[in-house]
Amino acid sequence: MTRGFYIGRFQPFHNGHYSMVERIAEDVDELVLGIGSAGDSHSTRNPFTAGERIMMITKSLVDFDLVTYAVPIEDLERNSVWVSHVQSMSPDFDIAYSNNPLVIQLFHEAGVDVRQSPMFNREVLEGTELRERMIDDEDWEGLVPDPVVDVVEEANGIERLQMVNDSDSNGT
Amino acid sequence: MTRGFYIGRFQPFHNGHYSMVERIAEDVDELVLGIGSAGDSHSTRNPFTAGERIMMITKSLVDFDLVTYAVPIEDLERNSVWVSHVQSMSPDFDIAYSNNPLVIQLFHEAGVDVRQSPMFNREVLEGTELRERMIDDEDWEGLVPDPVVDVVEEANGIERLQMVNDSDSNGT
Amino acid sequence: MTRGFYIGRFQPFHNGHYSMVERIAEDVDELVLGIGSAGDSHSTRNPFTAGERIMMITKSLVDFDLVTYAVPIEDLERNSVWVSHVQSMSPDFDIAYSNNPLVIQLFHEAGVDVRQSPMFNREVLEGTELRERMIDDEDWEGLVPDPVVDVVEEANGIERLQMVNDSDSNGT
Amino acid sequence: MTRGFYIGRFQPFHNGHYSMVERIAEDVDELVLGIGSAGDSHSTRNPFTAGERIMMITKSLVDFDLVTYAVPIEDLERNSVWVSHVQSMSPDFDIAYSNNPLVIQLFHEAGVDVRQSPMFNREVLEGTELRERMIDDEDWEGLVPDPVVDVVEEANGIERLQMVNDSDSNGT
Amino acid sequence: MTRGFYIGRFQPFHNGHYSMVERIAEDVDELVLGIGSAGDSHSTRNPFTAGERIMMITKSLVDFDLVTYAVPIEDLERNSVWVSHVQSMSPDFDIAYSNNPLVIQLFHEAGVDVRQSPMFNREVLEGTELRERMIDDEDWEGLVPDPVVDVVEEANGIERLQMVNDSDSNGT
Amino acid sequence: MTRGFYIGRFQPFHNGHYSMVERIAEDVDELVLGIGSAGDSHSTRNPFTAGERIMMITKSLVDFDLVTYAVPIEDLERNSVWVSHVQSMSPDFDIAYSNNPLVIQLFHEAGVDVRQSPMFNREVLEGTELRERMIDDEDWEGLVPDPVVDVVEEANGIERLQMVNDSDSNGT
């Protein structure tokens, strides 16, 4: 039995993330999706709460033939203990997946097997692009799995993101 | 669709918790199990990490005909914001289940529908009893679902609990 | 112009505190009442929120011929910086009033003029006594200024204290 | 009896804030002025301590025919619990006043009645403008109530702001 | 080159600690003395600041033929990341020395070589005994290296400990 | 006996810092080097851990005829208590050395004798320059004492800095 760990902020969970899960599913039997910056919400960069992101992930992966866990990971603001923090909050895992250089470096120094993929970059870009479309009232629904649209709508997520983005732009 | 929220420390998840889930399953379609004091581990009162407790819960409920979410909730040490904290970390819920008077009071003041059951007391007592049996090398396996035995053994949980209990007893 | 600083938890503000203010009023033109452990509430030892305690103090002292400030002071959990923390949160003061040996020692090491009075002990005892009476449904209204009764009732404070005291007594 | 809540950083309290209080006074009997980022001081954006800001507000409003409370609110760095935090630190209020989109959104999601006014924007701009004038030794005294001039001078606030602004500009 | 790590609270540094260092010096070329609970001071259990404890250790070991480092370690209140925290604050070490069961267990789970000695228990008992003697004005100077007497006296440590102990005994 | 206090982040300790110590050594008998932002590491601005920085400083100053202490100081994120925090973590000192305007202002308001030197600016610039050279694989070894080269190499510090700098540049 092999278990993977895939960390992201999932703001929101989108098709790039979904493709990554498909790709990782070839390697592992179970997958933990670590929801980074879990305590953050209501900002341009992190509009959705951890609870909303758990819903997006779980509902999007429900028909997937893979045991998945969606685990919120609150920030500790201290890189040197981040791997231990993640390991204590997550079911035990064998391989970590990330394309973020800091995350790769931290897992590498801790002796954890970490794998990257060119696909990750696409995913990061899509997150920013997606939030910009939401802010500008452009089409975004096509870039995410259907259940994510529902979660965003139930949370009045577009209105929320547009409001908090005004705040971030103006200073306070 | 009705979703419930059941908070506990699940140190470890045992048959009393399992019975409560069976009881709650009559009311709801989905259930969030909030893992309290998620950042605590390696103490007499909280021997297991959040990750280990996620495994106990998920594996114990896998054949249950109920959609469940195991969500770690870190302590904020501030009762007045606890309900908001829980609501941000958890998928949205309609009913909270607890027999803890503080939890009931906090949900009540926040206008959340909260239900209690005589069964809860039994569960609290069993948690303490169970950890004492683990410390004293008495039989404990009969009081928990089978997958919990596996998780405890993989973590060398009995040795860990016995060691940290020595520390707590002696002072440092 | 002389300004005094009087620190307490004021859980709740009672006649002993009121007498202390009368006594301090002989020395000073203005008085800051520092509300300690301001972030704590909903526990046996700290049942009321900072906001509720601000109301108790302000309404009780409204007819007093003394300029007063009710200032919440959150705990920093670090004795060595406590005086600096208090000084940054409070209007500048000349004399501190306390009978708590730790508080006296900390102000003393920081070179702040600190005065004590035998009356303080009475006040501490009354706080505990008062909360016990509230828990046991015995008469407590006679021990506090009238406006405090109103604040406690608006907050359903007796019910709250009785509930959270159950929690503290049983463990969780 | 109606009580309002008006949140700001008041760095420093100026004529724009004063006008807002005059405007709000038409609606309410009592007003809480929540001093945001209360733990911050000695930076370009937040030069003054909470204690100094309490003095500015209280002295500026002393002749106002309105019961006011100046309440420091420390940051919790977690938007999802911010409203609960504010509600626990402040006397109970009926209406919140703000023109900050994030604050409006957070109160709105929590079901609190929140009102905005075009006057708020002016106020925000004035805060930044005012601190820049202080840094550049230009006239600033005309933009604030007289008691604020006294508080700034007692704290050697201009020197402080000019020094810390040097730090912020150079990096460290 | 072998470097050891020896963790303690050193409240204060006494002859039992000194003997342990003599014993460890047989194994290693360099020794890090990790000062635990570095942020705590002014309490019965932790009367001295980290700075005072650095002085006690450094002055007591100055003639020792061993390179030593006195490193304050602030508490993180999270056992699962404690080893990573220690490793980031301390020069790299090969062997940890402790007789505290929790510390042994945490290093053991992290794969760090940890050694214990019967001598440690003696040391723990002496810390408590020593502080009690200080509180009761009994002879304590004979139980500590001479430079520790100087540090305690410069800090007015006996007066401080006696004051804060009053606070701890009475509740607040 | 005079003891000085010299605060820096020492990321890494370089020849500019070394010259400052030479300069300060003319004034004092002992010198505390306070390692600022001690909890930060693995970022472009703060690549090295506190433990690594202790090694750099101690090994670089070993032949210096001056008693030195390398003391990690974790950030408290609150300027108003920073001096008290430093004073509790450090051996008692008579003079502080800094050219950082914020640090000078904070020590000045606390009544601590603080001295600056034109040399400090050079030092700040060199820190940034040095890290840029490390990132760009340009010559940096000539700008630091020899033992610093060893510490950086043992930590694979260049690889680490280049990796985390990628993260900081791309966002996450």
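Chains: A, B, C, D, E and F, in written order; residue numbering restarts at 1 for each.
Here, contacts are C-beta pairs under 8 Å (C-beta built on N, C-alpha and C of every residue); 3 or more make two chains touch, one makes a residue touch a chain.
Listed by chain with UniProt protein names: A, B, C, D, E, F = Nicotinamide-nucleotide adenylyltransferase.
Note that the structure is a prediction, hence the values are computed from the model and not measured.
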Open item on the list: Considering only chains that satisfy the touch condition with subunit E, which of them also satisfy it with subunit F?
Closed with: A, C
- [ ] Provide the labels of all chains in contact with subunit D and in contact with subunit F.
- [x] A, C
Task: Fitting subunit B to subunit F on CA atoms, where both chains share a sequence, rotation angle to nearest 5 degrees - done: 180
TODO: Using residue numbers, check each pair in A-D, A-B or D-F against E-F and return the one sharing over half of the contact pairs.
DONE: A-B
TODO: Tell me whether subunit A and subunit D, two copies of the same sequence, contact each other through the same residue numbers or different ones, using over half shared as the line for same.
DONE: different
Open item on the list: Need the CA-centroid distance for the pair subunit A / subunit F, whole Å please.
Closed with: 36
- [ ] Determine the centre-to-centre distance between subunit C and subunit F, using the mean Cα coordinates as centres, and give it in whole Å.
- [x] 42
- [ ] Could you check subunit D for residues that touch two or more other chains and list them?
- [x] 39, 41, 49, 78, 80, 87-88
Task: Chains touching one another, given as label pairs in label order - done: A-B, A-D, A-E, A-F, B-C, B-D, B-E, C-D, C-E, C-F, D-F, E-F
Open item on the list: For the complex, give me every residue of subunit A touching subunit B.
Closed with: 38-39, 41, 49-52, 54-55, 58, 69-72, 74, 87-92, 154
Open item on the list: Give the list of subunit C residues in touch with subunit F in this complex.
Closed with: 76, 78, 80-81, 83-85, 87-88
Task: subunit A-touching residues of subunit D, taken from the complex the two chains share - done: 9, 77-80, 100-106, 109, 124, 128
Task: Parts of subunit C lying in touch with subunit B, wherever the complex brings them together - done: 39-43, 49, 159-160, 163-164, 166-168, 170-172
